[in-house]
Structure formats: C-alpha cells, structure tokens
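Next, two complexes with subunit A in common: one pairs it with subunit B, the other with subunit C.
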Partner chain A sequence: MDSSAIEIKNLNVGYNTETDFSLIIKNFNLSIKKGEIFGIAGESGSGKSTLAQAIYRSVKYPGEIESGEVIFKDKDIMKMEANDLRKIRATLFSFIPQAAMNALNPVRKIRYQFYDLLIAHGILPEKNNDKISAVLKMVRLNESVLDNYPHELSGGMRQRTVIAMSILLNPEVVILDEPTTGLDVLVEHEILKDLKNIQRKYGITMIFITHDLAILYEISDRIAMIYAGEIVEFGARDDMLENSTHPYNFLLLKNIPRIGVKMDNIIKLKGNPSNFKENFPGCQFYERCPFSKGECSEKHPDLREYSNEHYYRCIRFPEWKQNV
Partner chain B sequence: MNELIRTENLTKEFETRKGFTGITKIKALDNVNISLYPNEIVGIVGASGSGKSTLAKILVFLYKSTSGKIYFKDEDITKIHGKSLKKYRKEIQMVFQDPYASLDPYHSIEWHIKRPLLISHYSGNIDDRIDELMNMVKLTPPESYKNKFPHQVSGGQRQRVYIARVLALNPQILIADEPVSMLDVSLRIDVLDLLLKIKNELGIGIIYITHDLNTVSMVTDRIYVLHNGEVVEDGHTNTILTSPQDGYTKALIEAASDPYKRI
Partner chain C sequence: MRIPIKYIIKKISLFFVVFMGAITVNFALPRMMPGNPAQVVYSQILRAGGSGVSPVYLNQLEVEYGLSKAPLYIQYFQYLDNLFHGNLGVSISYFPEPVSTILAQALPWTLFLVISSITISFFIGNHLGRYAGTNRNTGKDLAIDLFSMFMAAFPAFVLAFIILDIFAVYGNLFPIGGAYGISVNEGLNVPFILSVLYHAFLPALTIILISLGGWVLGMRNNIIPSLNSDFINYSENLGFKKYQIKSIAYRNAILPNMTGFAMSIGLSTSGVIIEESIFSYPGVGMYMINAINSLDYPLIQGIFLMVVIAVLIGNFAVDILYGFLDPRIRQEGD
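Presenting the complex of A and B:
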C-alpha cells in the first residue's frame, strides 16, 4: 500500500527466561500511515517499549523477535542484512529510546557528537554545519550549545539535542519512546508543541509511545491502546476519546487527574498493571474489568471493527456501556 | 485552630564556586511564608528549580535555612537540635517521589513497617500495629503482603508501604514530595485517594509538593505557587485554578496536560 509508512505483520516478540520463552507481543498487526502522529499507549509492563525496539529491530537478549514482518519501503526490516539496516537507520528511520537524553557522550562536545553521526553515514561533517544549525533552529536551541558538554545543558536542552540528532538526516519515520518523561511540565509542553510543529511542517511520520495518556491524546492523530502485549482498542483520536469501545480505554480516561474533576466523579480501576497471564484462554483484562462476565474468561476476544478504522477487542461491547 | 507549622521569611542560599576564588550565592528560597493547619492538604506548586523540594528539606531539617524562622505549634524551632530535634522529627514525616528507591530491596515489607516501631520503642503490640497500618493503607489482607519483597509488588503498593511506614509514628505533619509522578495512571488515583483518607481519618496536615496541577486540583485545599524561590500566588485551590493572577501560574495551568485539549 502506498499510504502506509510502516506495516507490522504478525509480529511476535518475547523474552527468554531461565527455563522458558515468554511471549510478550502476540500476533501484532498494525499499519501506520504516512505523515501521521501515531500514539501507542500502555501502562508499565504492557510491552510498549518492547514493541518500539522490535520495530527498530534493536531488541537485545534476553528479548527476542520470534517471527513477523515489519515492512518499510517495500522491504522487511526483520530480514534485512545488518549493513543495509545500518544504512537506513537515522537516515530514513530513526528511534529515540527511553531516557535518550542520558545517552549523550559526557566527555565530548555536542558539536562532535553531531559530527560522529554524519561520519558514521559517510557524510563530511565540515560541509554540513548549516544543516546542523538548521535542525538546532527547528528544536529552538541556540547554536552555542554545540560548544557545550552535555552536563552543561539542562534536561530539556539535552532532550532537544537528541531530537535534533534524530531528524538531522531527514528521516521519514521517527519513533519516540517516552520522549518527555522526567521533564518539567513547562518544558514538556514546549517540546510537545515543537515536535508537532516539526512533524506538520516536514510531514514526518511519528510513532509516539508513552504511558501518559493525557499528552498522548493531546498530540496524536491516531492511538492504539496496548494491554498485555495486545492492542485492545485503536482508532482516530477523536473516536477513541468520545466513543470508547473498550472498558480499559474508557476507565483510564476517567482515571486521569484533571483540573476541575472531583475525586467523587472518578471510576476507579482496580488491580495492578502488567499482569501477564500466560495460557489464559480469556481476555487479558478480565480480572481488572468491572464489566466482565463469565464468558470473558473463556474466550479470547478478536479485534472487531466498530466503525471506520476504529477497532476494539471486547466481547461485551456495546453491552457494557449500558452498565456504566 | 492554630497552625501546625508556619514559616516566617524563610530564606535559603546556596553557594557555588566559580573559578578559584569566586563564590556566587544562589537564592533557592526568598522570604517564603507558608502555613499548614491540621486536617488540611496544602499544595506547593512550581516547575523544577522553583525551590519546592528545598522548602520540604528545610522543614524536615535535612537542610538548614539561611535566615527566617520556623514555628511548630507556635513554638520557634528554627534552632532546635539534639533531643528536641529528634522529638520534632517524629512529628513530621516525608514521602519521596521514587518508591523504587526509597525501600530496601533486601528486606520484606513487614521489616520496613516494623523498623520505625522498634527504633522508637513502641509500647503497644507491634504485630497488631503493623496490621492496623497495613489495613489503613489498604494493603489487605496484611498476611499476603508481609513477607513479600519490594520488587514483588507494584509501584503504587510500594508507595503504600512507604506511607504505612511513615504513619507508624503517628506524625502530625506529612510532606509528600511528588508521591504519584512515578506511578502508572491507573494507580495514581488510588494513592491520591489514600492521602485524602489519611487527612480525613487521622486529621493530620499534609504538604503536597508537585509540578502537576492536575493532581493538585483533586486533593488540595489551598496552594502556594513557587517561582524562583518566591511565593508568587497563594490561596484556595479553586480560586487560583479558575482565576489565576500571576503569569507564571497561568503558564502552569496552560501546560497542564488534559486529553480533551489539543496541542
């Protein structure tokens, strides 16, 4: 298909344990359109970071990609030669992992870290100073940071530096894993606004992964909600917000602290996240779901279409909505 | 009722060295006046570097203030030390941001709650008190959690263990420094609810420190907005959030995340 930037087909990713192999991402299918901000939401342990690493094929042992395809520009990333993969990384396709702002080399000035990136891709750095200035301008950093060491910059500035590096070679797709976690509210808000501006201006496809639902709904065009390694609901942002079809999405939205919401108006979500249940035949959300019934524990729900490009994985919909 | 704790022109300066001889002073707190009454939750709001954690550390005597006074129940405690400081520290307890770092991974949950009771020579039955505390923070049934280790429970439960631990000594003041910012969305509400419950049932005063105006709006009665070490605005939470006067408060409100907003 022409309109999709990345297609994930039947992806299975898991972790080797001492005795066994436990599957985290199960039979994952997703197609991400060109030029959109695709948000992936999930609580800790839901497998969202594993998914991000799998798309970039940077899962490290004990993690392992068991099977599946990730189609990018008519090629399967999972089957690419290591050398070809290295060529497209950062140039066509870049990834900002979690806490990337701490990944800058502490004993090298920012300028030379930009140069390293260019040299690694066979580009002469001295001729590309303009390019570096241009990306710094995009993330609204002063050029003087080039002569600073990472410890001289604040967290927000380092995060901006990393974002600048990731877009230096004009990639078509950028994956951001928790890009603003650990930053101050004001800085977070500014960075999100800048990211969106850059994305809209240059038509970059962004995959935005976070546990913070509120900012995800603020920035994304489409959202996938992940629970225990599976998509439980996905669709356009407005549909997800106004017409939740899965109780998990519905309850999380009700659980977000917001200005002007009183504690009494909140429907609490019981239980704890990351309860992976292996070989459980029913719905993974069964135990925490206040609307669940006996049948939910027996049959694993399929992904069904609710309306145009809005999917959900719940056998009790639309019945449960009447019990709210 | 009188204030539990009150500060008068509290100022804290940090010294930083520049070069060989130069010393610059940075004002982390500048003439801060706050007060806390029993049975209320007061929010201290500000972005990073605004001095909110410095204020907390001065109140629990982890830092010494440069000038200004602290009153505990109308008694000047600015210069207390030795035995009276030890006594004061029983009355004021602090909950930290990261429940993954504040518990000892080598010890069971029971050990964590027992420890302060042993150290303070608790006179009653220690086992009963542990059960009571665990029920208080909703780690129920207590038996199923006692022998677990911190890594076996979720972040929200760890934060509860820590809260049970600080409540063991019956403090009158609790300082919570970003207690929910490291937790998952579905667990945050529970911990906030617990803070409200502690306030209502035990009647203690809570100072809630955060940069997140969303959670502040849900639990606090009054707030102080801190900016560069100065209180720029204070008053009832609802009044400030609906009609902020200061530009900084307005910026914070605008930056507060909300799924119904669009960037």
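Presenting the complex of A and C:
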C-alpha cells in the first residue's frame, strides 16, 4: 500500500510582476507520509505560504502555479474539476491559513459559520450539534463561543475556532500555515500541544509550517528547511537535529533560541534573507554562507542523499563540517 | 437578536442633543438678521393681497423674529411652544395659509418620491456594483463603471430637463407636471394610484439615474476587498459553495452602503428641490423655489427646518440600523 499522503512533483510557483514572472517555488519535490507531522521551516519570505497555498491549489493572482503535480488519494489536485476540489476541501484535506485570526466572517455568529460549513458539504446542521461540541472540546473551547461574534473572542480563541472548523469533518490531511503567529508564547504552546494530541489521536497527517525553530523541532516527525523557495535540507527530526548537513540548518541550530523566539530574530547571518536571485547560477545561500568557496557560486547544488531519507543541497558537504 | 439597548439609548440622546441644536440655530438665525424682517414680511403680505391683516399681526411677527422686548429666554420658550404646536408662522406667497399646512401637503409627496426612488436606486445600484465587482476588470465591469461615473458626475437639473424634454414635452409620453391627474379622485383607488405612479415616473427616473452611480461604485469598491479578504479565502478553503461565498462577501460589503442609504434619504429631501420644481412636482422642493422667488421667509424657514430634521432622522436611522447590522458597532456602544 502507498504510504504517502501527499506527493508533490516538480512544483513551480511564482508571482506575476508588472514586467515578468518571478519564480519562487522551484521544481519542488516532496512526499508526505501518512500520519506524520511534517514541519516546514524557513525565514520570512522564503516561500512557505506560497508552497502551502500551491499544495492546496489556493494560490491567488498575482500568484500562479506554473506547473507540477500534487497527488492526493491517487488524484492530481492540480487537474481536479473545481467542484470536486471544493468537495474534498475540509472533508479530506484542510488548510489553516497564516492569518487564521482574521479568517472568520466578522458579521456572523460562530454557530452559523459552523452550520454554513456543514451545509456546504451537504450535511444537515441541526443534527450535528454534537459533532460541533466535540471538536470544540478537542480544541478546548467552551460551547458558549458558538453564540459569539468573532470580534468578541480573543485571538487565541479565534484561532482555536478556525482549527475546530478545519477538523470538524475529519480530514485526513491538514496544512497549517503558521497557525499560531500573533499569539503570545504560552497560548501558542498550549494550542500546539493540543494540535499534536489531536493529530496523534486521530492519525491526521499534518503539514506544519513555521518560522519558529523551537516549535519546529518540538512538534515535527520530519522536517524540511527551505531557503529561497528550495529545500536545502530535509530528513527525520533527530537526524536534522544531530547531523545537520547544510550550513543553514547548522547555523540556525547553533543559535537555537529560547522558546518562542522567531528564526528571523536569531539568525546571525550576514546578508539579506532569501533574496531570490533568479539568474544566479550557484548556491542560493552563497552570499551568506560562512563556508562558501568559489565553486559554490558557479554551480547550483542538487539535492543529495546523506543517509537514509536525509537530504541536503550543498556542494561542500561534508568538507565544510570539518571547519567548524 | 439581542437588542442593543445601551447603544440605542446612546444614539437617541445624541439625536436629541443635535436636534435641539438645530432648532436653536433656527431660532437664532432670524434674530441675527439686520433690519426688521417682521416689517419686511408684513409689508410683503400687504402687497401680496393680505390687506386684511391688522397691525396685531405685525406685533406677532416681531415676537416671532425676536424683535419683541421680551427677554431672550422667554422668546425661546415661546418659540419652542410654537414649534411643538406646529406653528411655523404664515406663508407670504400663499397667504393666508400657515406654513405648517403647506408643509403637511407637500411633505408626503416629497417623501414618497424620495424614498421610493432612493430605494429602487439602492437596490439596482448595489446589484450592479456587485456584478461589476465580481466580474472585475472585464468589459462589463468597465462599462458599468464608466456609466456610473458619468451618471454620478452629471448635473441633476440638466438631466431633469433632458428627461422632461424627451419624454414629456416632445415625446408626450408622460405629464409635464403635477402629482396626479385632475380627473381622478384622491383616495385609495386604482385610477388614483396609477395616476400617481404615472406622474412620479419621470422625477423618480431622474433621481434614480443621478443617485445610481454612487451605489454602484460604492458597492464595487467594497466588494472587491471583501472578495479578497481573509475570511473569503478561508471560506473557499473550507469548500463553501459559490453562493455562500458571494453572500458572505455581499453582506460585508453592503454595510457601508447601508449608512449611505438612510442618509441619502435625508439628504435627498433637500436634493430634490430643483428636480421637483423642474417637474412641477408639488413637493417641498417646488414650494421652496417658489418661496425663494417671492422672498417668503416664513416658508423658507419652515422648509429649512424640515430638511434639517429629515437629515437628522436619516442619520439617526443609519446609526440604529447599523447597530443591528454590524455586531462590531453594537458592542462599541456597550
């Protein structure tokens, strides 16, 4: 039996600009296993949201999916009929967006937003109040939120509500794009703990996007580090933690911060983050990499396997590690 | 729905304060006029054929215009007393009709015209705007936008003349004036109602066309960000159906237009002044023009007061309506 929940093949995504098209996600390949929490990390602007939206086929203009396949349950999401895609959303495959706090309709009570969701998928709302109560309990919200408008809830409660809506119909795969940004650290960790419990209990496959390294390493089974729209290293959590093969991951880990400190703040790397140099032939990390040599600017590194299912994109591995 | 009592009380008190302010201004204005308006009005009445008026009326006018020797606060209470008994003085040009009688005749026609045309225009405008916004950057959108901008910028009285000329004067399809034909009997009967609609058609068409553009552009500009909002994206992510998504976007986009709606009913009460006189439609607007032409101060003042009240009520209605429609506003009042 096929053990992958999602297969991303040769995905290319970018943005239309006034003059041309700038490619952000380049020839992206990844396979997500059933029942795992797959963490994706990268600095702000590295293309995480673009990737997440592309997987969910919800990229909006000026964004555009240029090519690629996303195989889910033997079907290519990119080629599905609009209505078939609509039907699997929230029922088999869910997406919790980055600005989850603002994702609720401001002029409708939470109860009716849940009802709308049920109606959208042909389910009678009145008979499913129990189901709604159950998911609210899962995210540890009091049922009274149903009679509130979104603005009457705190940011954390709103995010919990969004999570509850996203899992109401028992999806198999959930993408979470920084679901806890904007929350204070304690609330953030509570929500993540709950998410992990739910994930384990129901065997949901989660693709979890963050730029908080501490959270990433705490919650994920496997991890991909992306830089300028490309995977620079990926593998099982422990391998990534103990045997970093790419300087980027290595430097980040060396600086691994207190809980809740975001990647952008701790990275002591010189240069600008992820400035997509489209025609640069070499390694995207070249300008900021303390281990770079001339050769790095000439040839774009391929993704190579280091050990079982642990990949890296660096020309100078393992030599660079001898210098540290 | 929970009734936002606190919010309503707050708005009512505010309305009351502004209302008192407006009628106080109306009290103060003639008292600040130079000369002796009472004498002017009195002699005008004499000239207008009111030879029967006695000098007693001159005294009464002087009281009304604050020329009496009584202390100001006494005058103010007299003025309030008069006002709340509906006593707005006597018209000059329609002597000896009291101003209140004229307003009572004219106001229903104006309200009928304004409310029905603004409602129709609001309905059509919002739907056109929604259509344009959801078909953004297409030829249809462009056509609707251009039309709306053109109409919104078009001078009302020019349009009124054009419509009157085409459909009534040359086309002979509609009457050139009046609120209903002379052959029908006033009352709730079919010929009367038909005649009223027939007579209101051209003035209403003018108001609809003039005000349409604002609704269209307002709605279009609201629904575009609404369609791109986080909550619309999320509804799509949850697999909502098209009609659900459209209704969420529409519901959020129509809120600001709602404010405009009640307000423009108030404002249009003054806005129809020229249109009514062009179409000889016997609303307050037509009387206002006549009053201005014949320097009929009492009538001008009475209409002015009424327009102010209409605008205030419009604003008040908006506040209350908005409180019911937008839960966020409601809470601010708590």
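Definition applied: the second predicted complex is superposed on the first by the 312 of 324 C-alpha atoms of A that agree within 3 Å, B and C clash if a C-alpha of one lies under 4 Å from a C-alpha of the other, contacts with A are read in each partner's own complex, and residues count from 1 in each chain.
Following the convention adopted for this analysis, a residue touches a chain if its C-beta (ideal position, glycine included) is under 8 Å from a C-beta of that chain, and two chains touch if they have at least 3 such contacts.
Given the structure is predicted, the values throughout are model-derived calculations rather than measurements.
A.B. asks: Just to be sure I read the superposition right, which of the two partners does A:Leu213 touch: subunit B = first, subunit C = second, or both, or neither?
C.D. replies: first
A.B. asks: So, does A:Asp184 touch the first partner subunit B, the second partner subunit C, both, or neither?
C.D. replies: Touch partner of A:Asp184: subunit B, not subunit C.
A.B. asks: After superposition on the shared chain, which partner residues are touched by A:Lys127: those of subunit B (first), subunit C (second), both, or neither?
C.D. replies: neither
A.B. asks: Once the shared chain is lined up, is A:Lys201 touching subunit B (first), subunit C (second), both, or neither of them?
C.D. replies: Neither: A:Lys201 stays clear of subunit B and subunit C.
A.B. asks: Considering only the touch criterion stated at the top, classify A:Leu192 as touching first (subunit B), second (subunit C), both, or neither.
C.D. replies: The answer is first: A:Leu192 touches subunit B but not subunit C.
A.B. asks: Can A:Leu117 be said to touch subunit B (first), subunit C (second), both, or neither?
C.D. replies: second
A.B. asks: Is A:Asn102 contacted by the first partner subunit B, the second partner subunit C, both or neither?
C.D. replies: It touches subunit C, and subunit B stays clear.
A.B. asks: Based on the A-chain superposition described above, do subunit B and subunit C contact any of the same residues on subunit A, and if so which?
C.D. replies: Correct list for subunit A: none, the interfaces share no residue.
A.B. asks: Spell out the part of subunit A that touches subunit B in their complex, as residue ranges.
C.D. replies: Contacts found on subunit A: 43-44, 184-189, 192-193, 196, 211-219, 241, 251-253, 255-263, 266, 268-269, 272-274.
A.B. asks: Across the complex, what residues on subunit A touch subunit C?
C.D. replies: Checking each residue of subunit A against subunit C gives 56, 58, 60, 86-91, 94-95, 97, 99-100, 102-108, 116-117, 119-121, 149, 151-152, 162, 165-166.
A.B. asks: What residues on subunit B touch subunit A, complex-wise?
C.D. replies: 47-48, 154-157, 184-190, 192-193, 196, 211-215, 217-219, 241, 251-263
A.B. asks: For subunit C, which residues are in contact with subunit A within the complex?
C.D. replies: Residues in contact with subunit A: 228-231, 233-241, 244, 248, 251-252, 255, 325-328, 331.
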